[in-house]
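Provided herewith is a single structure, encoded as structure tokens, for subsequent inquiry.
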Amino acid sequence: MQPLGAIVHDENPYADQAQREHALRLGMWVFLGSETLLFAGLFGLYAGYRARYPEQFALAGMHNEEWIGSVNTFVLIVSSFFAAWAIHLVRGDRPRAAMWSLGAVILLGLTFLGLKSVEYSHHLAEGIAPASYYRYAELPERGARMFFTLYYFMTGLHALHVIAGLTVMVWLITRLRRGKATAEHHVELEMGGLYWHLVDIVWIFLWPLLYLST
Amino acid sequence: MNELYRTLLNLPPQASTVARHIDYLHYVVITTSVLGAVGVAVATGWFLYRYRASRVPEGARSHIEHVPFSLELVVVGGLLGMFLLFWLVGYRQFVHLRTPPQGAMDVYVVAKQWMWAFAYPDGSASNRDLYVPVGRPVRLLMTSRDVIHSFWVPPFRVKQDVVPGRMTFTWFEARTPGTYDIMCAEYCGPHHSRMRGRVIVLAPDDYAAWQEGQWQAAQAEAGGAPANLAQLGERVAAERGCLRCHTVDGTPHLGPSWAGLYHAPIQLADGRTVLVDDAYLTESMMDPLAKVHRGYAPVMPSYLGLLSAAETAAIVEYIHSLAGVVPVRARQSPLAPGQNVNLTLPSVDAPRAPSLTPTPTPTQTPRQEAEPEGKGP
Amino acid sequence: MTDIVPPSEPPRPPVPRLPEEPLPTLPLPSSEPDFWRADRGLRSWLLTSDHKRIGILFLIGTSLSLVLGGVFALLLRIELLTPERTIVDASTYARFFTHHGIIMVWMFMIPVIPGVFGNFFLPIMIGAKDVAFPRLNLASFYVYVIGAVFTLVALVAGGVDTGWTFYVPYSTTTVSSVGWVVCGVFILGVSSILSGLNFIVTVHTLRIRGLGWMQLPLFVWNIYATAIIQVLATPVLGLSLALVGVDHVWHLGIFEPQYGGDPILFQHLFWFYSHPAVYIMILPAFGVITEVVCSYSHNPPLSYKALVAASLGIAFVGFLTWGHHMFVAGMSTFDSGVFGALSMFVAIFSAIKVFTWTATLRGGSIWFSTPIFYFFGFMFLFVFGGMSGVAVATSSLDVPWHDTYFVVAHFHFIMVGGTLTGFLAALHYWFPKITGRMYSERWGLVSAMAVNLGFFFTFMPQFLLGNAGMPRRYYTYPPQYQWLNVLSTAGASILAIGLVITVSYLAVACWRGPRAGKNPWRSRCFEWRVPSPPPKHNFLETPRWKSGAYDYHAAEE
Amino acid sequence: MAPPLSEHVNEIGGSSGRALAGALLVLVVLTATSWALANVQLGAWNLVVALGIAVVKAGTVAFVFMELSHASTAARVVAGVTLFFILLLCLGIVGDAALR
């Protein structure tokens, strides 16, 4: 969205900047709620299939490489911190430091995607692919095939969100670079941060469901 | 009164034991609905007429009349009470519909585009027409080979979706001999409306005669190859790979041995105990993970849609014939519970061909090749 | 600050309180051309961010959809005149009912009232210049258009024969253009989410100062409740249809029984959206009906709070009942009990609305106008449709009724009867405000009669067909069902004639109708306090409303 | 002076640097705990414990990083309602799949 600045544009329905920022923040929250429900469908499917194949899901979960999932969890948590820290820095009128902080977010996000692709390639090498492409005979066929189909859908949708979030981060850095975010007005930065945190929260739930299994 | 209402509401005859009870509730609910709708319409119409502007000029009323909160509460509470009463009665009936009586006769139903196939516990089978005796509860164990269908017999007031990949059931007890239409109620493709069949309800003697005729016809058709159903079952079990995991002499193997299994009480993985009967065996073939024998890993693939109804019945009959075999060793589990399993299984996809095929090789067939036949019109 | 007594609570003290000191607003021109004339040229329409013009764009889009869906409906009814083939073959028939459903649900009923009247009137009713995100609003229209184009491409590319419910595994294995239509519906869903998001934020942030929540016109409340459902339910539909799409195209079968998948889980996801979607369609119509009742009876609603509570209650409880679509699908008996009981609570909230509307008429001074006839039709259709809903939610009764014409008749009564009569009532009620002209009441009456009666005779026979056991989506049927089908087709033609008449006289009225004043119905609601048609920025000066939207006992402004 | 709005907004300020650092510490410790507990046999409780920890972690992210503690009431309601509907969908499905 184009910055509207302090001067009220002809099309601008807001009385002032504060009202605009309030609207944008609330709009972002509503959007995040909607996004979350997109994942809810997959969580619902997971719940349904896990209720149907409990042992098979546990076995299949053990087959996932726990260290990759766990390291990725740390990576995303720290990246989330840096996203929040960037806003803190901007509020303290330190936009350059904030840019570095967002840079760290991007770096960590890329690390996450890198580890994820390592894991995907391991799986694919073993013949673990979704549904009709599944060729792995070491695990009980029925439940495990469904587990990995779900695994691909859940982590795949999440990875798409990571990529979207990283794009937003790049955009935010360019805004900072151009001096478009000030200590008082940085609502776009907050919105981008909120989106990134949502990506983090989704992973916080994916991790125990897909990796932690005994 | 019942007949009057039934005719007025265009309901089919009440040919099953539950039909009349469901209809009574139907009468009450529909009468309430009509009264409610007409009542509201009349009240609205009356107010529209009574308070028309030409009669009541604007602003003639000086204050707003208020409905006391207690009255609102009574109306709302009363209505909710009535609705919940509908629910209560309806749900009790529903539970009854979902609970087949003990000793019901089992019939296996396989639906596919666009026909119904029935297999009876004695090994006979029929397409399109379901033969049942009058006055005896019949439980239908149903599955589909392709898409979702729905078994619907209007005069019985019985309907149940038939889902691929699992077993669903329904039951009925016919009250009067006759012929009743079966319709598919879940859209299943262009010829959905032609997927019809008939339930032929026979008097007990006629039913026995029909069974006899079926048996003789089957004998003639088989041309003496397998002399009886159990032998056919043995052949099917070998060809379908059952015997690669199940032994017939009691030797421990991946799956429970069939020796002396029939009518034995067994303990399930979840601690329950069940009696191995026709229903349990059939269910275990169709939905193996539903009730897993304690001590065995839940690894058996489903044979739903892979075995024809007749083959299923034949295997059951074969296991039945092994009831008297004394196991060579006391049955024990080759695997500790929860132990990781590392084995190669016959794939679910492989034996998709409907006819008796050679033992499937454990390869995974991509789905395109495994498309169930009969998809096109 | 906001100590305004809700409008229903008398006796009210004198009415001071809306803004005392002027807001620091932008200087507005003292007179401004209306929004039709403010800018000229096609470009000014296609790239407008004016919520009123976007409303008009939605009116065009949804009306075309109604015509297209209606043509399919008529073709269906003609085919069903005889028990065997009448005009088309079985697979064409399947394409007809699928596209009829898809077009009517996602391209007409869901966007129509929020998209047209919500867009047009919600900002005016809360004293705002526009919605919170005007450009997003325009985007939601174009997303709607793109979704509609995809859906129509599917039609051209051979059509889809799954039924609008896309049940797996039929939808993933059929050889028809499921991919296109699933994309189309997904995109239409995005449009719906964007609209809903915009409305929620608008109501929260752009109410004019002093206008508290409990002074909002009830139409706003209903659009708000609708928006909540749009935002929270639609993503689940999007996800489930996306899964169907990737399965159909790439065989990533997450519901495929062959791989251990469970088709019933698709139904859970689908109905988690599609049951609340019924309320996306009907809640805005509730809002319209409330405005119509109050305006023409010149009476405040019997209980403002009850109507608000019922709207929010429906939006909430509507989410708890999806399982009643699955009683015979093979769902657990436990879930059937829970969902059956919860379903009864939705009925209660609807009943509260119905009683409040009826009682609002009492003691009023009622003007007979076309919307009032639609209101009357709505009351019968909605109450009987709703009661038949209670009936099919009663688990044991649903067993024989499920997937028969009884269900078809039920949801047409409640959804189409509710939404279509609501839409037509809204169209007539706000026609003078939107166009600045009056339509012919005589023709309005004739067409309202035709629509209401046609509707009744189309679907009443279908209740009886369902009782007799005729399953839905049947191309051929046993001959004993024929006379009811013929009756239904006859009703449908009356309905179609009624709609054609409506379009004709409204079109004439747009150019030839006598000028309407600011407030031809003598309503007190806020939108009637601005000129007809409204100026580009809605208000010539910052609105200062001294009386509430339902203050029929205060002096007229 | 900002002109008054139609809705009371208290979105002033945000999480302090100290709070952010504290939250990071909590998150790291909880993640480590969860990982460690995954290798302890607790039977069915493993999943419950892991999900319980996940809820606490998500709450920390929401309240501190996402500044829900400083957000408008409307935003909090949105978050709460979203959470409720996810649980609802999962429970409805489990009520079917587990009890058929």
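A few remarks follow.
Here the chain labels run A, B, C and D in written order, and each chain numbers its own residues starting at 1.
The working rule: a residue touches a chain if its C-beta (ideal position, glycine included) is under 8 Å from a C-beta of that chain, and two chains touch if they have at least 3 such contacts.
Predicted model, so just to flag it, every value in this text is computed and none were measured.
When the interfaces C-D and B-C are ranked by how many C-beta pairs touch across them, B-C comes first.
In whole angstrom, the spacing between the mean C-alpha positions of chain B and chain C is 38.
Rounded to whole angstrom units, the spacing between the C-alpha centres of chain A and chain D is 14.
Remark: chain B and chain D have CA centroids separated by 42 Å (rounded to whole angstrom).
Residue positions of chain B touching 2 or more other chains: 348, 366-368. In chain A, the residues that reach two or more other chains under the touch definition are 15-16, 19, 22, 26, 30, 33, 37, 40-41, 44-45, 48-49, 52-53, 131-134, 141-143.
The multi-chain contact residues of chain D, meaning those touching 2 or more other chains, are 3, 5, 7, 74, 81-82, 85, 89, 92-93, 96-98. In this structure, the chains touch in the following pairs: A-B, A-C, A-D, B-C, C-D.
Contacts from chain A toward chain B in the complex involve residues 52-53, 55-56, 59, 131-135, 137-138, 140-143. The residues of chain B lying in touch with chain A in their complex are 289, 297-299, 301-302, 338, 340-342, 344-345, 347-348, 362, 364, 366-368.
Touching chain C in their complex are the following residues of chain A: 1, 8, 11, 13-16, 19, 22-23, 26-27, 30-31, 33-35, 37-38, 40-42, 44-45, 48-49, 52-53, 130-134, 141-143, 145-146, 149-150, 152-153. Within the complex formed with chain A, the chain C residues making contact are 23-26, 49, 123, 128-135, 193, 197-198, 200-201, 204-206, 231-236, 238-240, 243, 247, 251-254, 256, 259-262, 265, 268-269, 272.
Chain contact summary for the complex, chain C toward chain B: residues 8, 10-11, 89-91, 93-94, 161-163, 167, 169-170, 173-174, 251, 253, 256-264, 297-300, 302-303, 306, 327-330, 333, 336-337, 340-341, 343-345, 347-348, 351-352, 354-355, 357-359, 361-368, 372, 376, 379-380, 383-384, 387-388, 390-391, 393-400, 402-404, 464-465, 467-469, 471-478, 484, 522, 552-553.
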